[in-house]
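As written, the chains take the letters A, B, C and D, and residue 1 is the first residue of each chain.
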Amino acid sequence: MEILESGIGEMIQPPDIEGFREWNRTQKTRKLVDKRMNEQEAISAFVYDGCYIGTELYGTVRCPMSLSRELVRQGKKDLRVCGQGVLELDLWMAAGLVKKLDITYIGLEVYGTSNALRRAVESGQITTCVEWSNASISWRMKATAMGVPFLPARSMLGTDMIKYSSAKVVEDPFSGLKVCLLPALILDVAIIHVHRSDRHGNAQIEGITGFAAEMARAAKRLIISTEEIVPTDDIRKYPDRTIIPYYLVDAVVHAPFGSHPGEMAYMYGRDEPVIREWVESSKTAEGAKAYLDKYIYGVAGHQEYMKLIDEPRLSQLVDEREKRV
Amino acid sequence: MTDQNYSKTELMICVAARLFEDGTTAFIGTGIPMLAAMLATKTIAPNLVPVFEFGGLGAILEELPRAVGEARTFHKGLVAAGICELMETAQRGFIDYGFLGGAQIDPYGNLNSITIGEHDHPKARLPGSGGGNDVGSQCWRTVAIMQHDKRRFVPKVDFLTTPGYLSGEGARENAGLPRGTRPINVVSTLALMDYDDGPGGSYRMRLLATHPGVTVQEVIENTGFELIIPKNVPVNDPPSVEELRMLREEIDPDRYYI
Amino acid sequence: MEILESGIGEMIQPPDIEGFREWNRTQKTRKLVDKRMNEQEAISAFVYDGCYIGTELYGTVRCPMSLSRELVRQGKKDLRVCGQGVLELDLWMAAGLVKKLDITYIGLEVYGTSNALRRAVESGQITTCVEWSNASISWRMKATAMGVPFLPARSMLGTDMIKYSSAKVVEDPFSGLKVCLLPALILDVAIIHVHRSDRHGNAQIEGITGFAAEMARAAKRLIISTEEIVPTDDIRKYPDRTIIPYYLVDAVVHAPFGSHPGEMAYMYGRDEPVIREWVESSKTAEGAKAYLDKYIYGVAGHQEYMKLIDEPRLSQLVDEREKRV
Amino acid sequence: MTDQNYSKTELMICVAARLFEDGTTAFIGTGIPMLAAMLATKTIAPNLVPVFEFGGLGAILEELPRAVGEARTFHKGLVAAGICELMETAQRGFIDYGFLGGAQIDPYGNLNSITIGEHDHPKARLPGSGGGNDVGSQCWRTVAIMQHDKRRFVPKVDFLTTPGYLSGEGARENAGLPRGTRPINVVSTLALMDYDDGPGGSYRMRLLATHPGVTVQEVIENTGFELIIPKNVPVNDPPSVEELRMLREEIDPDRYYI
């Protein structure tokens, strides 16, 4: 099974599976302890300058926006990020906090390319972009989640993606197929927003799960924010709904409307005007700064942020939610 | 009966919609592909199974999704899972079509959505592959939907992000990509293209039909590489009044795209 | 990434991922068609002599027992089986239908070893046993489910398991770790029992899922039996509960108490006396045959089988079910 | 106060139960390990997190499971998932202990549950590895629970199914097994054993304590290999009246095992 090709992209985070096992043995309690804290406490406790961090799902959909804004508020910098992101990473880049990217897609979807990304990369503020496809980055986290140093895949092959990634191409010893080997991705910190969790971190998600299951299992520290905190008995009644078990979780942040201006399936819709405000503001560095001043630096935390958005508007978003029909 | 008053984008969407095959699975990317898919389900492909990379499959598309993860992508759906589940479903051979966009395309249908200029010091940083590379690698057939001009239709893409025919016949298989997968069409603001991929073919892009009011010469002048031009080049049907009505009143009433 | 060790065990089913892709392209409809049929029709349509077949979960837990009994009734023989099994495979072996095994565990759990297995293997009736751990065989199906020719794992290493399997040991090119490579397992036929499904095969399972998700995605033909057939609108209301999507499914068999004498979580408990009857009967070949005569050959199908067990007893098992409390 | 009237199995279960550590995760195999785990949760390990390979984690063990997939293994549980999820959780380093049985064990704690005699023409075909090999490979510490006689405690197992120390110091790591994982104890019907695995140790099985009423000589005579015998061999506490009451009245009232 010789190596036919090796990407020249930087291995931003080494796939040290043995180290990850040892971390999980020594740093993650198996006890059911109360992990509730607020955004300010969780970000300052577990996010640090230069850490490798990821968010899930992304800015307009079930994204830990209250945590993402608090990270900006605390100015955690030199971040190395695995980047599938829409609004949340835009905010970090606009605040000048991102140094390196394992990038898959950072854009504004219906509204096109991200000017925050363009400015950060084209100015050289972001020093490194290692390229991956959406499936590849998810499979890299899945490798870590499975506890193996790599996973084979049939994406990336034949393109410049391989060259600018840190993947390898080998011949499968069973079938002789050429396959891409994706190195396990171990995150220092992951932040994920869920529908409900108990105080220990046993969490449930409704609707699509994106890559929450994989990312939660691929991180050394996991902060979850949740729309609702429920008694553990509710979890025990439906153990088959637990997508993130407590032992993966380091902090549980109660954050109603934590995904705003993004949506939360079956709970509230996305806030188009606020999303469009970012799209317009972020066309210039000055506009982006004004948005950050208004929605992040200008408010002490998520409580004040919700006051800024205002209750009637939030109720309207609840009315506009996707319904189970 | 047709309405002479329509935009190039509306025309492109209508031509793309006609490429959907009923009763098949198709990965739908953000933007124009979503409008085309919705129009297809209202016309020739009522049994289309739309697949959105972050987990939605088999949704009933009642409102235009503005994001591939939005709840509208699994509204009354058959599956709401995750990205690995659906990408692995494609890797297993269950996804028939992929509808994609891109910033650049070359004669072999290779797409670029990463950088304009040199990767490490780009003139323009684009969003990245997203699911594009996966869709172009794993789906059986892929269709690219593009604005048509010399900056986008280039001899060589600055960064080969999503595989078309790569360098020609057999190149995909030699690279290890799933056997039998291939690009089949390009829908642009000017025309519909396919590939010279028959026996002994060059595997390069070929003009299949021009849009109404567009000359073959215009297409050639707006293409940055030598396009194969058959003797007879038919003209695509213009959007019907009903297609335009559905587009404007039902699919994109808020005019995100049209 | 050189090969350090290769198992000498027979590759009972080759990991032909390209062939599997082609099969899935040409043999599995994407249309929502009505796939309902009864046990007799489903087994005769899709199970054939010499096919490679698997069951999920296993005899005493959410197992397609009505289909397993029908297979015996139709005498499908020379079966190549991936064997995690408790009662269902005992019945097949006692009926002399099994030729080769990718074996993980075949026993009677609380009641000890399987005499049916002992007789079949020690007599040479089963010609081949290739050894796997429970996780390894599940990961082999997961490889197929992922559409890749192999998966790496850290089980099997250093033991005789590698030698008597068809796995390989290689050095991971990223971390230098020695890892076991498990070849993708592609089943010709899989039979799985679920809590509910629509007529197209969109299926939901409650409680543990065993290896249902992996096996359903690793089979060329999939027969599911279900306690309940529900309208597709019920599926569309909870798309996040679909564990087996319709396009994987070839036959949907309505089989209330289809797991009897095994249990069905939240629906009915296991029937201990009938299980013990097999434990006792199967101690001798004659006893096993008597059991087959009584519960399989002696009844025309699942309807008659349920009459044999009798309604009051079935209601009692419903009372004894695990409850969501 | 103790009750002199108890079986060897009851004693073995009580000694095994005392090896559980509170607030840890432990894979529980079918049979004796289940009874020991239930007794442990009622005594020294109320916060034990039981893990059953087919998907149950964190169950409240109110009734004895007769199968590793039975609903009792996820009764009021925290997780009801699948085998891959929990085996991968172990492979990721989250499962502290594994409690296992086997048909044969050798001086290095390697277990056999596949065949007696030659694999391809066995004298006796056993059930197979099941999750045994995985638990012995992936968990940080494993405990074997065995009947104690010369046929079971053998110099070399007929088929090395579940790894103990393999051939001695460093052998697990050299084979690629997760670093730091190891066998720690054997509980038998006669005694409690550990391994001579300190610096410069032989990594062979060592007598740690005999059961009440069992002499060191008896243990030696019933062991098919040379067991390391320390100068001082303490005697395990007998089952307490309360332990026996719980075993007989609460844990196994139907007498599946005792």
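Structural remarks
Please note the rule applied: a residue touches a chain if its C-beta (ideal position, glycine included) is under 8 Å from a C-beta of that chain, and two chains touch if they have at least 3 such contacts.
It should be emphasised that the depicted structure is a prediction, and the values quoted were computed from it without experimental measurement.
Counting C-beta pairs in contact, the pair that comes out ahead of the other among B-C and C-D is C-D.
Averaged Cα coordinates give chain B a centre that lies 58 Å from the centre of chain D. Chain B and chain C have centres, each the mean of its CA atoms, that are 40 Å apart. Mean C-alpha positions place chain A and chain C at a centre distance of 37 Å. A straight line joining the Cα centres of chain C and chain D is 28 Å long.
Contact of a single residue of chain D with at least two other chains is seen at positions 56, 74, 76, 80-81, 84, 91, 138, 178.
Chain C has residues 18, 146-148, 153-154, 177, 179, 207-209, 237, 239-240, 325 in contact with two or more other chains. If you draw each protein chain as a dot and join the dots that touch, the picture is not a line, a loop, a star, or fully joined; it has some other shape. Contacting chain pairs in the structure are A-B, A-C, A-D, B-C, C-D.
Of all residues in chain A, those touching chain B in their complex are 57-58, 60-62, 83-84, 86, 103-107, 109-110, 113-114, 117-118, 121-122, 129, 131-136, 138-139, 142, 153-161, 164, 169, 177-180, 207-214, 263, 265-266, 269-270, 321-322, 325. Of all residues in chain C, those touching chain B in their complex are 18, 20-25, 28-32, 144-148, 202, 217, 232, 235-237, 239-240, 242, 245-247. Those residues of chain B that touch chain C in the complex are listed here as 23-25, 47, 49, 56-60, 74, 76-81, 84, 88-94, 96, 138, 140, 178-180. The touching residues of chain A, counted against chain C in their complex, run 1-3, 11, 14-18, 146-154, 168, 170, 172-175, 177, 179, 181, 183-184, 206-209, 237-240, 324-325. Within the complex formed with chain A, the chain B residues making contact are 30-31, 53-56, 66-76, 80-84, 87, 91, 110, 114, 119, 122-134, 137-138, 159-163, 166, 171-172, 174-178, 256-257.
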